[in-house]
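Both complexes shown next keep subunit A, but they swap its partner, so subunit B is in the first and subunit C is in the second.
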Partner chain A sequence: MSATPIAVRRPLWRRLIGFNMLTGLALGCGGWFLGGWIGGWMAVHHNYLQSATSCNGCGGTDQNDVGIYMGYLFAVIGWLVGLGFLNYPIARLRGRPPSMKHHETTSWTRYFKLCTDHKVVGIQYLFGVGIFFFIGGLNAMLMRTELLRPVEQPWPAGQYLTLVSLHGTMMIMMTSAFILGPFGNYFVPIMIGARRMAFPRIESLTFWLVPAAGLILMSAIAFGGLPFGWTGYAPLADQARAGADAYVMAFILISISLTLVGLNLMATILTMRAPGMTWRRLPIFVWGVLSTSVLQVLAAPVLLATMTMVLMDRATNTSFFLASAGGSQYLYENLFWFFGHPEVYILALPGFGIVLEILPVFARKPLWGYPLAVAGMVGVTLLSFMVWQHHLFVSGLNAGLRPFYMLTTELISIPTGFIFLNAMGTLWRARIRFTVPMLFALAFFFNFLIGGLSGVFVSDVPSDVTTHGSYFVMAHFHYTIMGGLVFAFFAAVYYWLPKMLGVTLNETLGKIHFWLMFVFFNLTFFPLFAAGFLDMPRRVSTYAPGLQTLNDFVSASAFVLGFSMLIFIANLVWSLVFVREPAAENPWASRGLEWQLPTPIPVDNFERIPVITNGPYEYGVAGAAPVAQLTPGALPAAGS
Partner chain B sequence: MASAAVPIADEAPELLARNIRVGARIWAASQAFFFMAFFFAFLYLRALNTNGLWRGWPNTHKPHPSLAFGIVIMICVVAGAVVARGATLLPTRTWRVAAAGAAFLELAAVGLQCAQFSSLGFGPTDGAYASVFVGWTGLFALMLFGTVYWLATVISDFGRAVATPAFRGAAVEAVSFVLIVLAGIEFVAFILLYVVA
Partner chain C sequence: MTEIAGNEIVPQRVPHHWWKIVGTWLVLVAISEPLIVLVLGPHLPPGRMSAEAGAQTDANVVLTALLVPIMLLVWVVFVYSFVVWRSRDAAVVDGPPIKGHAGTQLLWIVITGAIVIALAAWGSYTLVASSHGAGGGQGPNPADQPKGASHALAIQVIGQQWEWTFRYPSYGGFESRDLAIPDHTLVAFHVTSLDVTHSFWAYGLGVKADAVAGVDNVAYVNARKTGFFQIRCAELCGLWHGHMAKKGRVLSFAGFQAWAKAAKTKNAAIQKYLSPYNPWYFPAPLRRAG
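Up next is the complex of A and B:
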């Protein structure tokens, strides 16, 4: 006998105390106090856990770091328990069968709880990471306000340094998840013809660790700030006030998240490609994601280990990084940059993937040199593990090692150059459609070119010695990360948002956003090369009075750059809340598999696993077969 | 919430098994890189011997962890991994006993590590070697404990016939692969921390 189940709507109070974000916050707060209390008890009963000066030369911080770490740890555990992450592991121990699904509904509440639908996780990432990106941007505005005058005003030097550290750390942490989080999670399974990620619960976990990390990082403001920049060099971080505990804990959470994101995406791409999705048909964005995943899986654990060592130095008085007790701060620098430099490519590679994905769509030509693009990405991935010591050129590194690391660093410009070659080949004699995503993609190449060329200066030992620690380096990495990654992010937002949210963003506002951002990004950061050559040091709130005009110009430009972000937010809110113009199913006439699906994309993506019949970039090729057979006997309409 | 071993209709039945097999290998690579940081720290700090404090403070006792503990812990870890790996070759009926034995051995290693910590004779403040020792062995025990939990879920699946044979086989193979990698790491740790130190 079959019976139709009757959906019983639970009362509001019952829904609020279920496993969701509110419960997570409540249990997280409770966990903070419980952990603090346990940590305090531990410190009282174990001498080596009492910081202060319990041993000669140990990193005494005069505070109960154990209590703080235990507070953070229990807060994170409470947060995850409240979200329901413990239910499944316990159920599995009790013999419950493996299941891939959890809260895959169409209700709006799925965005505020553990959900195993990769599309929901993608949107959670988009807004979650976006909020922290906005906070990081606000910090930048405050920094530029300080730099309007060459004297300490309005922030004292210590607070300014905390602002700098918070901006840098927040941006590095969040931009690591900027592309893979929203777009990798949302589109990779669809682009390879799969219905889900390989490990959907882990996918959800990776997202919910990110807000926890962001909130913990921000709590540093209340605990004495971050007086050491985003790199957290020892022994500064070992000796800093409790704000450093927040920094360490936040980085630990982010490194776990990055590792698991990489693992999940890699496993998905390796095992779940649809029939016919050969390596040569794999969308170039997926190649970018795969390369990035390799880096994340191998580099992020090293960051995790490094931060654990800092935690132990601070909480249990070990001496990994304290020369006064047998350690070495150079160990920190080596380990940190072993992660830190691949991190640069963790940021750049998905950007390469996005712009190369977008160019053929709006150039209406096949992607030129597809194998070369793949080789470029693989080359960057391999070389990125062999360059980290260029960050230590002025740290007392053995002079004999410098030429090797200079060479490997300069070598990396070759595979990066492949990507530019692909772009030029694709754009050559193309009938380009200058849509908003295409404008952002083109700007990526302009900015990244400047970032790359200035990178040659800082990879070269003689010139690095003169520019290291100056605004020149600052301008260089903003050109690569903001000029590259953030422009690629916005290209992706304008390109994919109609599919993700089902609405079209206003084109005019999009173009205003682009032009303001592009022009004032360059006006903000290009003069900083000059400031660097004029010896203006990073992370210092005062500077030579003669540099005030230059700095005022930069600050004014930065404020307009910040304003351009507000235009984007206004556009998003306007289009999403007020106008809600439904997006066409394939507004760009793209051949991408994701554009062959209806909007909104069904929970299981495909009715049946598709059969891939052709590559995704056969634009303008007469008689090109459609990209996939979605249902037996029916071929999808593809842009050609 | 769905509750089938093969979650979505028309998904290849062996997909779950393939996912877990590939995921385990990637996870093992991550773990190896995690401990590589401690490997590097050991060699770097030992080579530098900053202020002559690699083996602790002058005129005080030097950190010498019990070799007996080290040998027994390593034997437990390696034997547990070998038994788990061997279990993949056994018929399903006897597999569960072997896997439970492997879990017991690994748990014993974790317990022995805790016991060693309680009677170590030195603390984390006793120089660079002590730092590396406490960090490496402590975190290794933690990772091992997590892997034992994973093994326990696989064992608990067995008796209830809730997973397909293909999935069960893959899960056993995956967890034993990770244990083998952990055993390799433990072997390197033993050589460095007890022999080379």
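Up next is the complex of A and C:
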């Protein structure tokens, strides 16, 4: 187009029409009915798809799983079409020129559609993940309400199990696994001196698959619930009604998204670093993201394959995991944990990266033992693929291999220990400033230490025979994921939000949030180690009456813990909507490259690709060069 | 990774930091270790009702006694740093640019490595050699068999939604809803399931073995004391997972013989409806039952 169109502000209703979330929802709903109809037609015309008559030993079902899956599939396709994911391929097929700028508008509506600006995707992730974290947390509150009494009150057993499964699935798959979403997408390109991610449309796709998966997962509430926990072990999940189909479909979408997130971040970090960004100058957060990406790319496809097999077991009468028809549930357990244990470190490594990134800024010292921190992350990445059978110590599988898995599991504590040594070294003779992000980062180490050391109990087979499947395990992984990753997440939120949203969060409210969350997190989860030792199994809605006092104490603490989240939300709304105090460009006096840019960061991040001249942690080094030359005038402008 | 002097003109003498930290830590360890071993230790689960439970209790005591000092050391370093190196300046002042210390890092790797290797070696020894599987399920072909395993008293544990039943093949294969075992006798639990995966957890006995349909999962136990123990299900198995709880009993050998005789008579009426004794059974499970 030669003439520039005159910018006319269109009315609101007109701006709502187009390729955006609303259209996606409408087409998704349409797709659900269309797919259900097609699936029904398929099942009627192909008897083998739906075993109304029972095959030998596999029993009959009165449910058309094919129709349900086709409904979900078409709903997802409709959702993505409505968001505009087909526009680019169709334009290319028709010979139109590619356009990427097209999506990078400055209107607020860009947050509700396909946008290829990695900063917009980062914000989308922040709020998307935040909403799922809130829903998952609400489930936890409802669970603790049930556990106030040792009998099934006030929720019936089935509802309680659905709450348990929703909480677990949502927290692990839609919240914790996407901790890279907000900060990885937003800051990795900026930290390495790039203008965008390697695959911007795929980046947007990874985000928009998550709400689709979340909505599908929540639809399980209406379709019979999820009475099988987040692990969905084979014969139990096969018993469940259509809710299990929602679970399978959600996991399939999430595993696709996780794989693509990993590929995208890996490609970005490997190929798009600015000149001078050597591996020794790479911010430690980027190292954490890189190792997480490797795990995601290697582990998430296994989940995709596993869930596809479950889908076939349910919809097309295969029997990969059904012992009654010649399959094996051990196969499911192996496949699930071969994904599931690296997944645990997908949750841990970004936390390591975040806290080690924040620590030097507020200790005003270089990151102590930088190569050791990198070695720790790489070591965890490598070892995490060799430990999965420690989830199956008493399953009756490969009992002779238990010493091996005990050894590999305990070996992981060596690289994890590096991270603690880095932290202690960085604090040594430092000038520590206890800002809100620093408090959260330090709490990470307090909690993760308890989580890690309690992990030694469950990795030791004789001790694990006591603790396996009990509340001890539950307390252990909540100390690592909630006490570790979620505290790191809040550290990152308080640290980076001034750059991301351009406003300062209220510090007093932040400190109240921190202290309430820290104290009541520990009061909630530490007694649960005792509950596990006192033979309380996980995922029960009824328990020994003698444990009621303990459980009531835990529930009361959990409610205060939940309340602390409301303080955070209040702080966010107060600072973002009412006060709107603009943040300084570098409020923490950080050397990080992202803090050298203006707030808000321009669409293309850098006017010219910067030349990295120094590492990001040279605090206190006399005459240290700045981290980068932002306007390398002598150099040619590098198009990215 | 050697220490870089940086802009420090006069190197500060700092060894007293180490001595204060180590001193505080030693005091805390001296206070906590007797408490752990003497006060907490006797209460750690699962008790000493069987040899296997004893091995687990030992593991829990040793691990607590070993890991608490590590935790205390890290905490002392952290808290010491907070107190001593807290910045009290209004302005942002940088600290000394120490980037690492090869000796400290090497020492840390060696010490944590040694602890980990020792833990794994000790854990493997108790698992394989001294407690023969530590009461955990070992599958149909147990890797760690105790002496005289072929003469062990076999008891089949059958999990189903949502009840445990027990069969005694040495006593004509009768089935009972109650579990009793003799003391000072090697017992082999053959755990299996009729439907979904359960996990047989005899808490006081220190036994845990997954009940899997089509699998004969063997766990050995040698009870040392008579009394009651708690039975639970430790793997989510559907709606009434929490209700799969009952009490089992350890009896003297004579008491067990009498109990078995009485139980056989009591359950004789249902014997003809049972399928013959098998290592595992294959009924068609309910599908879409939830």
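By definition in this document, the second predicted complex is superposed on the first by the 602 of 640 C-alpha atoms of A that agree within 3 Å, B and C clash if a C-alpha of one lies under 4 Å from a C-alpha of the other, contacts with A are read in each partner's own complex, and residues count from 1 in each chain.
Following the convention adopted for this analysis, a contact is a pair of C-beta atoms (placed from the backbone, for glycine too) under 8 Å apart; a residue touches a chain by one contact, two chains touch by 3 or more.
On a predicted model such as this, the values are computed, not experimentally measured, just so you know.
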item: Which of subunit B and subunit C A:323 touches, first, second, both or neither; value: both
item: Touching partner for A:429 - first (subunit B), second (subunit C), both, neither; value: second
item: First (subunit B), second (subunit C), both or neither touched by A:157; value: second
item: Touched partner set for A:442, first subunit B, second subunit C, both or neither; value: second
item: Which of subunit B and subunit C A:270 touches, first, second, both or neither; value: first
item: Contacts of A:421 with subunit B and subunit C, given as first, second, both or neither; value: second
item: First (subunit B), second (subunit C), both or neither touched by A:539; value: second
item: Touching partner for A:149 - first (subunit B), second (subunit C), both, neither; value: neither
item: Chain touching more of subunit A, residue-wise (subunit B, subunit C); value: C
item: Subunit C-contacting residues of subunit A that also contact subunit B; value: 54, 58, 323-324, 330
item: Interface residues, subunit C side, partner subunit A - complex; value: 1, 6-7, 12, 14, 17, 44-46, 52, 55-56, 58-60, 63, 67, 70-71, 74-75, 77-78, 81-82, 85-87, 89, 92-101, 104-105, 108-109, 112-113, 116, 119-120, 123-124, 126-128, 131, 133-140, 142-144, 191, 195-197, 199, 201, 203, 206-210, 212-215, 217-219, 230, 232-243, 245, 282-290
item: Subunit C-facing residues of subunit A, complex; value: 54, 57-63, 157-158, 161, 224-225, 227-229, 231, 233-236, 238-241, 243, 323-324, 329-330, 363-372, 393-400, 402-403, 406-407, 410-411, 413-414, 417-418, 420-421, 423-425, 427-434, 442, 445-446, 449-450, 453, 456-457, 460-466, 468-470, 533-535, 537-544, 589, 618-622
item: Subunit B-facing residues of subunit A, complex; value: 47-48, 54-56, 58, 89, 92-103, 195-196, 198-199, 259, 262-264, 266-267, 270-272, 297-302, 304-306, 308-309, 312-313, 316-320, 323-328, 330-331, 334-335, 338, 604, 608-609
item: Subunit A contact footprint on subunit B (complex, rising order); value: 1-5, 7-8, 10-12, 15-16, 18-19, 22-23, 26-27, 29-31, 33-38, 40-41, 44-45, 48-51, 53-54, 56-57, 123-125, 127-132, 134-135, 139, 149, 152-153, 156-157, 159-160, 162-163, 167
